[in-house]
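A, B, C, D, E and F are the chain letters, set down in written order, and residue numbers restart from 1 in every chain.
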Amino acid sequence: MELSLIAENLLAAPVLFFLLGMAATWLGSDLDVPQSIARGLSLYLLFSIGIHGGYELAESGWTAGMLSILGVAVLSAIIVPIWSFYILRQFLGPNDAGAIAATYGSISAVTFVTAVDFLRSNEVEFGGYMVAAMALMESPSIVVGVLLARLSSEDGNGRPKGELWRRLFQEAFLNGAVVILLGSLLIGLVTGDKGWPSVEPFAGAPFKGVLCLFLLEMGLGAARQVKALAKCGPFLLTFGIVAPIVHGTGAVLIARLIGASAGDATLLAVLCGSASYIAVPAAVRFALPKAKPGLYLPLSLGVTFPFNVSIGIPLYYALVTLLW
Amino acid sequence: MELSLIAENLLAAPVLFFLLGMAATWLGSDLDVPQSIARGLSLYLLFSIGIHGGYELAESGWTAGMLSILGVAVLSAIIVPIWSFYILRQFLGPNDAGAIAATYGSISAVTFVTAVDFLRSNEVEFGGYMVAAMALMESPSIVVGVLLARLSSEDGNGRPKGELWRRLFQEAFLNGAVVILLGSLLIGLVTGDKGWPSVEPFAGAPFKGVLCLFLLEMGLGAARQVKALAKCGPFLLTFGIVAPIVHGTGAVLIARLIGASAGDATLLAVLCGSASYIAVPAAVRFALPKAKPGLYLPLSLGVTFPFNVSIGIPLYYALVTLLW
Amino acid sequence: MELSLIAENLLAAPVLFFLLGMAATWLGSDLDVPQSIARGLSLYLLFSIGIHGGYELAESGWTAGMLSILGVAVLSAIIVPIWSFYILRQFLGPNDAGAIAATYGSISAVTFVTAVDFLRSNEVEFGGYMVAAMALMESPSIVVGVLLARLSSEDGNGRPKGELWRRLFQEAFLNGAVVILLGSLLIGLVTGDKGWPSVEPFAGAPFKGVLCLFLLEMGLGAARQVKALAKCGPFLLTFGIVAPIVHGTGAVLIARLIGASAGDATLLAVLCGSASYIAVPAAVRFALPKAKPGLYLPLSLGVTFPFNVSIGIPLYYALVTLLW
Amino acid sequence: MSPVHKLEIVVDKVHLREVTRLLDDAGVSGWTMIPDVPGKGGRGERTGDELTGVMSNCYVFSACEPEKTEGLIEPLRALLRRSGGICLVTECKSVIH
Amino acid sequence: MSPVHKLEIVVDKVHLREVTRLLDDAGVSGWTMIPDVPGKGGRGERTGDELTGVMSNCYVFSACEPEKTEGLIEPLRALLRRSGGICLVTECKSVIH
Amino acid sequence: MSPVHKLEIVVDKVHLREVTRLLDDAGVSGWTMIPDVPGKGGRGERTGDELTGVMSNCYVFSACEPEKTEGLIEPLRALLRRSGGICLVTECKSVIH
């Protein structure tokens, strides 16, 4: 059962475009998506997922169940980096451990968006509030990871403390992705079923096609990172595959305990199992300049992201279908 | 009645995205739409409004009424800068007065596009020739404003006169926005109901969604300008709010006199009440280099544009519903 | 009959936007499509044509007829540059002759895409494998043209031979356009009628509208090249018009012989009659740095491309309707 | 290698064509331009990436024969007085090919 | 023309604001910035055009009075020690307008 | 601060990789690149922003130890002879960190 889900996922258009992108880079093709187009597509996907989620939330109304899932989401964004940090510290210095912990405690919006497409293709329902869960999980781990790194290393870096934390909170919680996600969610919620039909031809219908093009670009970028993986060593490479499985499985079990739906559980697993490569690296570069981007970026973008998009998502869902 | 229209408008998706953009800048978020994406979206909106207008014109055919409204439009684009100039001269030097007069005599395509969306949401009809009215109103005030500034200030600026006016006319009348608007209008007119259905899935259906994303970007930009408003002083700030109301109201009254439809009257008010922040500033920087962009840009983009998008449009329409 | 087809084509929206772009440049307008937007639109068109072609191939299955047309396509991409080279050598040096031969042996994806739109508008059917034909015809002429130029000129250019050919093959066969075309075709083929409906609102419906905007940009660029045509001289200008007619007519006749369908024949003519202005120039600049881009670029983009888009396509089709 | 002067100019985008025409008229062998460079100067900060494109600088440099610099300085100074911006002159060597 | 020092700095985008603040605090008359410049240095190659934007350099230059250079070097050195990048100082002349 | 030579090269984009390889092979400590710079030179004007991307220059600079310049000039000259473009050398100081 699980295997067929994985095989099926590998033959879905978005995943195939991701693989096409990776292959193009490996073959040495000059295929290239202009950076501003990539950023435009990414903006579109966040906008689309946000406003659609808000509209669905307006349809369904608030329930107690959704509060518990939001609570679990936030908690996991705090616990995952703590426990990751202590494991990573066995092999790495405090700065690198803190940076990678922050990366894996946060989320990858593109993985989430791909999972949403996967669920829609399999006609599995999920709540619009999962978009809120994603937005809430983006930032806490940044603060946790930087805090842990700072506590266990004695050096200052010449920058005044107050200024550091002020800017860190700003980068974490007012990050563009968080703002557009929460903003669109709210606008979708407010405009509800009056607003949605009029934006659907733009925000809804083209979603999967845009995702294909965007994953093409992600494939190009991920393959470039794969080249940098040599420096990561076997421990980190293992971490890049095992961490998403462990975190994803843990999320599925907890989701079962709190009585979440199958769709919500899959998305929670995807959020816990994915790692950030935009928000966190940006914040971490500033707050932990001694952490090597040559470690956390290739690991997240070159290992965990491809794993989740191709195998992780159907795996978590297979686990869910077993348990539900 | 008026108040409920304004409140309703404030809760429409495009306006909410505009407010989201302003809020993001104020909160210090790094949310950002790449410049080329913003220019692409703006091109799309002009293309869409142009070709749709042309198609509608092909449907309705030409009438005498539409000629009188086009005449009023052009006239107002000449008179508004003249009378604005004399008022502004009470407080400002000739260069700044000329620049601001040109700005307010011209139009804001985004405000127009937002008003079109407002009318469509309220199911109010309007003529496709209003796009032509907009295109015709873009340029004359540039020439008028520069002429007035030159006449009342004695300085030369070292540039040969002929060259100056040649380039000014080119910037005014062959401005990219004018060309794409009139060109698309013409193409819509020529291809008519054979052409429209085949481009509608691109040029029509996604319109409102694109407008949302574009107004997000406009909100980000407008909020940045608000920070520069301190230098404008109370007189100019007042002008930025009063001018659109006065010009919009005047336009409504004249539209009533010439027997225009409710939709056309609203759009004429929006055109007269709005101020340019692309075509005019570009031309004015060249022709009146001594005018301070720190005045005309924040005023138009930071005061009048947000006012019109949030309050002005429903206000003009409320006035129209009172009188029609 | 032929003339009415040409007139009709000149009044189709995409061609009108192309003419609008040319007119805008000639009038001196500052209308401008940001480069990354243009590249994004071009990526979209290749993606759309590829995945649509793949889907149609999945529908129709493979036939012997389609293999013969693919064979003819590849052959023509080898023969056209050889015979063009010997003609061009009468007037030009080996480098320029090789470069122009390579240009005309390869294809113009935008011309193909415009022809696809023309056929769809006229409700003429064609095979999805024609996209594969296009991809197969992109590269061979590059190798042929460079080889001929090298053989008939004795100079080395200081670069090691092995490295030159390695990079040339890479630029020719792993060119971004080839990869995205073949990749999307394959993905369309694999996902078939399960995949197509879900991407159609993005990859299918907006196609013609996007083509309009893209041809606007092509018109702006082509008109800029027209200004550079003075350096080409009457022989080359004649070549730029006669070559597409000869190659296109030849293709129609051969297509008739091998029993291709009317739609396929028209597209084959368009492929043989069109000239490259992206892939080939890039490769040629590297491999034949002494060839003047001031010749091959204006000729292909300023003469042959406008000719094909406005007159060539309906002409080839008119010929087909006569013979079929 | 021959001695040349490198002229570097930052100027409002709207005046770019005037700068390059001055250079062309002076007969320099070429110039290179970088569009949309943000910056800060006497007239405040300019972000350069606004939709309006109105607050955009561009940067132009030209390696020119030292004897041509003289004749370029005055017209450039006049232009910059009107439009703002800066102009730097550096002595360097050009690799002739 | 008056003698000035041209300071050129390549630094991680994430530290740009710190560089411009140093310049502003030192009272230079202005600076110009070029965003997203790829490059290669001690910390490897940086492509600058990635979606993540994390590997992006920017280039800043400022023409400043020679007497202000002194006070700028030390803080710039401290910043670059932390963040990587380079800083060059060239003597040139500024066309005053 | 230590004395360095700043090498500035404008070259056809298609030859960029050859330039950076020359620099790398010479063992310079790094380089910085600005893509798509329009310009004008012996082979006419190049707009740099065309869809075809064929008429695009790029600008590369490298601060390198003065003793390495010597060995770089000749291969750069050979390359530029083939491909067009320019190369300037300026003496400046590098802030060591």
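Just so it is clear, a contact is a pair of C-beta atoms (placed from the backbone, for glycine too) under 8 Å apart; a residue touches a chain by one contact, two chains touch by 3 or more.
The shown structure was predicted, so the numbers you read here are calculated from the model rather than taken from an experiment.
A.B. asks: What chains touch chain C and also chain E?
C.D. replies: A, F
A.B. asks: Could you check if the interface between copies chain A and chain B is built from the same residues on both sides, meaning over half shared, or from different ones?
C.D. replies: Interface between chain A and chain B is built from largely different residues.
A.B. asks: Can you work out the whole-Å distance between the CA centroids of chain A and chain E?
C.D. replies: 34
A.B. asks: Would you mind pulling out the distance in Å between where the CA atoms of chain E average out and where those of chain F do?
C.D. replies: Centres of chain E and chain F (C-alpha means) sit 19 Å apart.
A.B. asks: Suppose each chain is reduced to the average of its Cα coordinates; what separation in Å results between chain B and chain F?
C.D. replies: Roughly 45 Å, centre to centre.
A.B. asks: Could you put a whole-Å number on the gap between the CA centroids of chain A and chain F?
C.D. replies: 40
A.B. asks: Enumerate the residues of chain F that touch no fewer than two other chains.
C.D. replies: Correct list: 34, 78, 90-91.
A.B. asks: Among the residues of chain B, which ones contact at least 2 other chains?
C.D. replies: 34-37, 39-40, 201, 206
A.B. asks: Could you please write down every pair of chains that are in touch?
C.D. replies: Pairs flagged as touching, ordered by label: A-B, A-C, A-E, B-C, B-D, C-F, D-E, D-F, E-F.
A.B. asks: Over in the complex, which chain F residues touch chain C? Could you list them?
C.D. replies: Within the complex, chain F touches chain C at residues 12, 14-15, 36, 43-44, 47, 49-55, 78, 82-83.
A.B. asks: Residues of chain F touching chain E in their complex?
C.D. replies: Contact set of chain F toward chain E: 1, 4, 6, 20, 24, 29-35, 63, 90-97.
A.B. asks: Any idea which chain C residues touch chain A in the complex?
C.D. replies: 34-37, 39-40, 43-44, 47, 51, 170-171, 174-176, 178-180, 183-184, 186-187, 190-191, 195, 198-203, 206
A.B. asks: Using the touch definition from the top, list the residues of chain B that touch chain D in their complex.
C.D. replies: Residue list for chain B touching chain D: 35, 38-39, 42, 157-158, 217-218, 221, 224, 277-278, 281-282, 285-286, 289, 293-294, 297, 301.
A.B. asks: State the interface residues of chain E toward chain F in the complex, per the touch definition above.
C.D. replies: Within the complex, chain E touches chain F at residues 10, 34, 37-42, 57, 59, 73, 76-78, 80-81, 86-91.
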